[in-house]
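Next, two complexes with chain A in common: one pairs it with chain B, the other with chain C.
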Partner chain A sequence: MKVTVRLFATLKDFFPKNQKKVLVELEAGSTVNEVVEYFGIPQTTPLIIKVNGRSGSKSTVLKDGDRVGIFPPVGGG
Partner chain B sequence: MKIYRVNMTEGKVTTEDVKQDYVALGGRGLTSQIIADEVDPTCNPIGAKNKLVIAPGLLSGTNAPSSGRLSVGTKSPLTGTIKESNAGGTAAQKLAKLNVKAIVVEGKPEDNKFYTMTVNKDGIKLEDVSDNLLGKGNYEVMEKVQEELGEDVCVMSIGQAGEYKLQSASIAVSDPEGRPTRHCGRGGTGAVMGSKGLKTIVIDDTDAPGVSIVDKDKFKKSARGLAKALLDHPVCGEGLPEYGTSILINILNESGGLPTKNFRTGRFEGADKISGETIADVIKERGGQTAHVCHPGCVMRCSQIYNDKDGNYLTGGFEYETVWGFGANSEIDDIDAIAMMDRICDDIGVDTIEMSTTIAVAMEAGIIEFGDAEGAIDLLKQIGEGTPLGRIIGNGTGFTGKAFGLTRVPVVKNQSIPAYDPRAVKGVAVTYATSTMGADHTAGYAVTANILGIGGDVDPLSKEGQVALSRDLQIATAAVDSTGLCVFAAFAILDNEVALPAVVDMLNAQYGIELVADDVTKLGESILKAERDFNVRAGFDNSDDRLPDFFLEEECSPHNVKFDITDEELDEVYNF
Partner chain C sequence: MDFLERQTEMFKINELEKLINSTILIAGAGGLGTHQALELQRIGIKKIYLMDYDRIELSNLNRQVLYGRADIGEFKAVKAKEVLDAFDLGTEIVAITDKIDQETELPLDVDLIMDALDNFEARFNLSQLACEYELPLIHGGISSWYGQLTTIIPGETPTLQEIFEEQIAQTREKVQAFSPVVAMVACLQVLEAVKVLLGKDETLANKLLFVDGKDNSIEKVDLKN
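== the complex of A and B ==
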């Protein structure tokens, strides 16, 4: 299956340069953690995860066509 | 500490001791209490009976981190409710060092002249400046004052919008570089200042006595504790200084809560082009500055200095709500154009949130097209020129919506709804509906638990838990707004159990009192009650605590959600 991944803020360092989103091919039943590993983001990095615009976690199970956004802790307002 | 009373009808200044009831109050707690005690709630906000109260926070002027926020209170010309408008800049610290607890401006000059009020160690003086400052924008006013009095004075001023008494007029407060980038933005406080015949307030703290602290060692220790809690927090210590507040563009867009095209959808095609990441890149490329402070001693440093293509200063204190409003909500993805709009608003002295939602409503009305940056810039300039159309725009979103017969007008109590769609971020929607201030995200920033995973997790799309979340945050925020601490300190307070006790310890050490954490909640509750009571006496009731119909009737994509929290549920917010 394929999911679209976007990494933001400091996590952009783990992304191919100048790319806004990446299509990642994963085995069926994969979780967000596989995405985190795919990009080599250290497990200790605190992350805010959105799957299809909803709050998710590393253990969220993904399905084909999902949109995954991963952020470091951010805030403002 | 003392309270100055400045009567503009007679041009007379009197000094008062702080009465016992006010000793433990500061910032919003004090401005709201004075307004509630002294102002007739039914008065005309730009008439002689309204008052403008200016107060530093309880901790302002000390070396407590990020504690230099200023509160300005009045009856709002925009909402007709009580108003506290909070700003950074250097005013609060200087006032506190001059031992000024509050300045109460009352009356109205009969000669229609404009004055400068100078506050220094000798007291307060008024001077007629109708000839040299009238009609000028905030940038020129601040430059002129600083040329004369030096760069270290703080200047608070109104631009043309305040002189015209437009309902979105702001009061500018100079930042450490002396520029008008920080504003008491919301609610038209600038119109009240204009109605009092005040063009500028100059604060000079040369040889000021400074803030007295009962237990200096204890204070220092607690201040360090809070600074550490702020710096250790990933948002306060890293995210804000590195990217500024516009870091929120992408996460709100990803979450489907970034209002786009006058609150039609929750995602904007051009989000990345106006994101905090892009802005930070542009700033670095052009030799601007990230991690700028709005007042000395802020450790979170969310402010920025933004240069134009040629590397010359264009604007500062460029914030998420502004970028969202002139950007996504107006379908403009040109960050330089948005920065220019921010600059114009700061100069004319209008609230950027109110103006950006008004521009989108003007687009809705067909005055200009969605996405038309040049047209938007022209409309904003017209406010300063005082054209009839400019005056309509400058009176805000509700006024403009009425002038053009629209129903898609995002306001509560006539104040415009900011940068989080109420359907997709329901906790903050409860705050918009029920805040004593009209639609105001800062009054109970439920975006924390709804979107950012700060202080817990509450699903933003479900109605579960939103009322309690908003209520608790509104209470806590009223208290924080009294300390002079920046509301962003709340991120650390919500996540780090050391932070709140540090704040309480500082208050105890400074004032020689014995507060416990519970008293903070009590303070917040009593402030909200006093504010709500003022609004009730002004003629507001529960039926004013509602969102515009279209949020209940139309779905917001991508989640296709409506606002579904019932009136009865909203009315629960004040059950405390």
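== the complex of A and C ==
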């Protein structure tokens, strides 16, 4: 199955240069955590996860055509 | 001539009156807070409470625009009040040198709270206070080239804890903080505060705004499922 992934803010560094979104091929039944691992995002990074615009988590099971957005909360001031 | 002359045509008379009669609490007199205070004073806000228990350090001076080298060691809120008062624009500035925690008592005339803090632990306390006092809270945060904003309206939107999840309260790593990005986010927060005070429709309630100063993009994500 294929899912479309968008990474935001500091996470953009995990994307190939100049790409805004990436189509990722995953095994059926994969979760958001497989996406996190695919891009090499450290497990300790706090993340806000959206799947098709709805709140998700690393354990959210994905299906073909899903849109995954991953955001890092930024807390400086 | 009124110093607000060049902005009066943007607003209806009742909106102008609302702004010049509003009281705002800025929680934090660091990067975001000093920029916000300068902007809010120029909007003609009636009163600003500036709350920060911290003192000025050398590493603050790259973005905390109300302080200079000679001010190192002074209370931020007190120094900020001194500088803002010198502009003599009519806004009353009240400095509070208390730490924000769950027991903090907020002044009763506050209409809206600006988040100008630098960590999520303090922000979650602030969000809880906003709920207790039923006050809108304009959240903003930055890291290097990036910023994020949202508006918390008690009873209508998720709280900051619900959006960002409690566990990130523990993350207190030193983030890169760059004045142009801090200024950009602070200004967007002030614009948002004006819209919330005036009851405008297109606010960031139930939306998370991501600003990227590196690739010039702004993304708005719906928080309501």
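Here are a few things to note about the model shown:
FYI, the second predicted complex is superposed on the first by the 73 of 77 C-alpha atoms of A that agree within 3 Å, B and C clash if a C-alpha of one lies under 4 Å from a C-alpha of the other, contacts with A are read in each partner's own complex, and residues count from 1 in each chain.
We take it that contacts are C-beta pairs under 8 Å (C-beta built on N, C-alpha and C of every residue); 3 or more make two chains touch, one makes a residue touch a chain.
Please read these numbers as outputs of a predicted model, since none were measured by experiment.
In the superposed model, A:17 makes contact with neither chain B nor chain C. In the superposed model, A:73 makes contact with both chain B and chain C.
In the superposed model, A:50 lies in contact with both chain B and chain C.
Contacts of A:9 after superposition on the shared chain: both chain B and chain C are touched.
Under the contact criterion defined above, the residues of chain A that touch both chain B in one complex and chain C in the other are 8-10, 12, 46, 48, 50, 53-55, 69, 71-77. Residue ranges of chain A in contact with chain C, taken from their complex: 8-10, 12, 46, 48, 50, 53-55, 69, 71-77.
Within the complex formed with chain B, the chain A residues making contact are 6, 8-10, 12, 20, 46, 48, 50, 52-55, 69, 71-77. Looking at the complex, you find that chain B touches chain A at residues 234-236, 238-240, 242-248, 250-251, 254-256, 266, 272, 275-277, 302, 319-321, 441-442, 445, 447-448, 451-454, 457, 459-461, 487-488, 491, 558-559. Residues 28, 30-33, 115-120, 123, 140-144, 146-148, 163-165, 167-168, 171, 175-177, 182, 208, 210, 212, 214-215, 219, 221-223, 225 of chain C touch chain A in their complex.
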